[in-house]
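Labels run A, B, C, D, E and F following the written order; every chain starts at residue 1.
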Amino acid sequence: MSDQKQLWLTSLKTSNPQEGFELAIKLSRMGVKSTQPDVDVLKRLRPKYAKNEAGLTAASQVIALNFQTISAANDYWK
Amino acid sequence: MSDQKQLWLTSLKTSNPQEGFELAIKLSRMGVKSTQPDVDVLKRLRPKYAKNEAGLTAASQVIALNFQTISAANDYWK
Amino acid sequence: MSDQKQLWLTSLKTSNPQEGFELAIKLSRMGVKSTQPDVDVLKRLRPKYAKNEAGLTAASQVIALNFQTISAANDYWK
Amino acid sequence: MSDQKQLWLTSLKTSNPQEGFELAIKLSRMGVKSTQPDVDVLKRLRPKYAKNEAGLTAASQVIALNFQTISAANDYWK
Amino acid sequence: MSDQKQLWLTSLKTSNPQEGFELAIKLSRMGVKSTQPDVDVLKRLRPKYAKNEAGLTAASQVIALNFQTISAANDYWK
Amino acid sequence: MSDQKQLWLTSLKTSNPQEGFELAIKLSRMGVKSTQPDVDVLKRLRPKYAKNEAGLTAASQVIALNFQTISAANDYWK
């Protein structure tokens, strides 16, 4: 958990939608890390998961939820 | 991940709802690719997944979430 | 995918909530078709899925998400 | 599907939150019926499903999504 | 279902976020009861479910959705 | 449940997005505790769950939903 004590999220603002999408990916991963902070365990889990389409869809769903938040925070980059 | 470094999402604006739905599909796939960037692996997974109705419903759910974002960004094409 | 090239979604506006709900159902199905465009495969999958309550609930969830979008687009038919 | 041709959703307005919650339950069931319109099949599936806590939670999730829509439509009964 | 005929949800307003969270928990349980109104069945299901972390996460997800609704109804207790 | 009687959620306001994310994690865990208040049981379940990528993704999804609420409550820290 110690790496979450570091400053990693100072703003939800990004310069464009694509950077917003990348921030959404980051938030999704930090959500995973909050439950499993051991990076070595995550690295062992990842390869198997990344070959499981249901898992990939679930990961994409979390990103979609976080992208909703980031998009609203950026007023949809209007 | 290198293909995400390319510029692929410059705006959430589309000319009509149908193009917005297509963009929602694209976002959903980019969410999948962020976890599994190897296109060959994705191509191997797709056929089996596409014959699994639960997987298809899950994919449709991610699209629905992204379509919410795109629709709001376009003020629902009012 | 060719049938998605056809114009099928020109507006999110409907005359009343019930037509909005029907449009939400349509969006949910188009989401499924974007991953599995082969109608024959979908027809084979449907009967089994429609006898699986977990699958039916999942389908209802996607409709609920799309109905949120359609309802907002119609200002909740106020 | 014939019963969906009937008029069953003319408004999202309800007189209070509880009636709104009941409407959310109705929308969730209509979402299920749109995939499986055969009431006899649904009646056979229900008892088993209703003894499965995961299924009950999933059903509650769909209701929660629809209740979000109904609540917004009623300006949260403020 | 008879217990749902009782008045149990007259307002989405609460005096603070914590009471709002408790109301979100209540809504989530009422969603479950709408599908399985038999309290004895629910009591039998609960202990096993409460030892299943996936089920606990799913329950937390429904609460999160209902808490979104309650929070908006209370203008986020600003 | 007794520990929920304690005051643990007096405000949704946080000084920055990162603290908001941490509050979202807390809400997600309180959602779990509302179904399983026995901390010893939760401690026994956690290690196994934290080695299951599907479970980690599901946990991240609940956090994403709660982060949507917290972000809106803080006007996205604009």
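The working rule: contacts are C-beta pairs under 8 Å (C-beta built on N, C-alpha and C of every residue); 3 or more make two chains touch, one makes a residue touch a chain.
As the structure is a prediction and not an experimental result, all values here were calculated from the model.
Student: If we look at chain B and chain C, which chains touch each of them?
Tutor: Output, common partners of chain B and chain C: nil, no chain qualifies.
Student: Determine the set of chains touching chain D that also touch chain F.
Tutor: Touching chain D as well as chain F, we find E.
Student: Computing the C-alpha centre of each chain, which chain sits at the greatest distance from chain F?
Tutor: Farthest from chain F by mean C-alpha position: C.
Student: So chain D and chain E: same face meeting same face, with over half the numbers shared, or different?
Tutor: Interface between chain D and chain E is built from largely different residues.
Student: Given that chain A is a copy of chain B, what angle of rotation, in degrees and a multiple of 5, matches their CA positions?
Tutor: 60
Student: Rounded to the nearest whole Å, what is the centre-to-centre distance of chain A and chain C, using the mean of the C-alpha atoms as each centre?
Tutor: Roughly 27 Å, centre to centre.
Student: Any idea how many Å lie between the Cα centroids of chain A and chain D?
Tutor: Roughly 32 Å separates the two chain centres.
Student: Going by the contact rule already set, what residues in chain F reach two or more other chains?
Tutor: Counting only residues that touch two or more other chains, chain F contributes 49, 54-55, 58-59, 61, 65, 68, 72.
Student: Which word fits the touch map of the chains here: line, ring, star, complete or other?
Tutor: Graph shape here is a ring: one loop, exactly two partners per chain.
Student: Taking the touch rule as given, give the residues of chain A at its contact with chain F in the complex, in rising order.
Tutor: 4, 7-12, 27-32, 34-36, 41-42, 45-46, 48-49, 54-55, 58-59, 61-62, 65-66, 68-69, 72-73
Student: Which part of chain D faces chain E closely enough to touch in the complex?
Tutor: The contact residues of chain D facing chain E are 16-18, 21-22, 25, 49-61, 63-65, 67-68, 71-72, 76-78.
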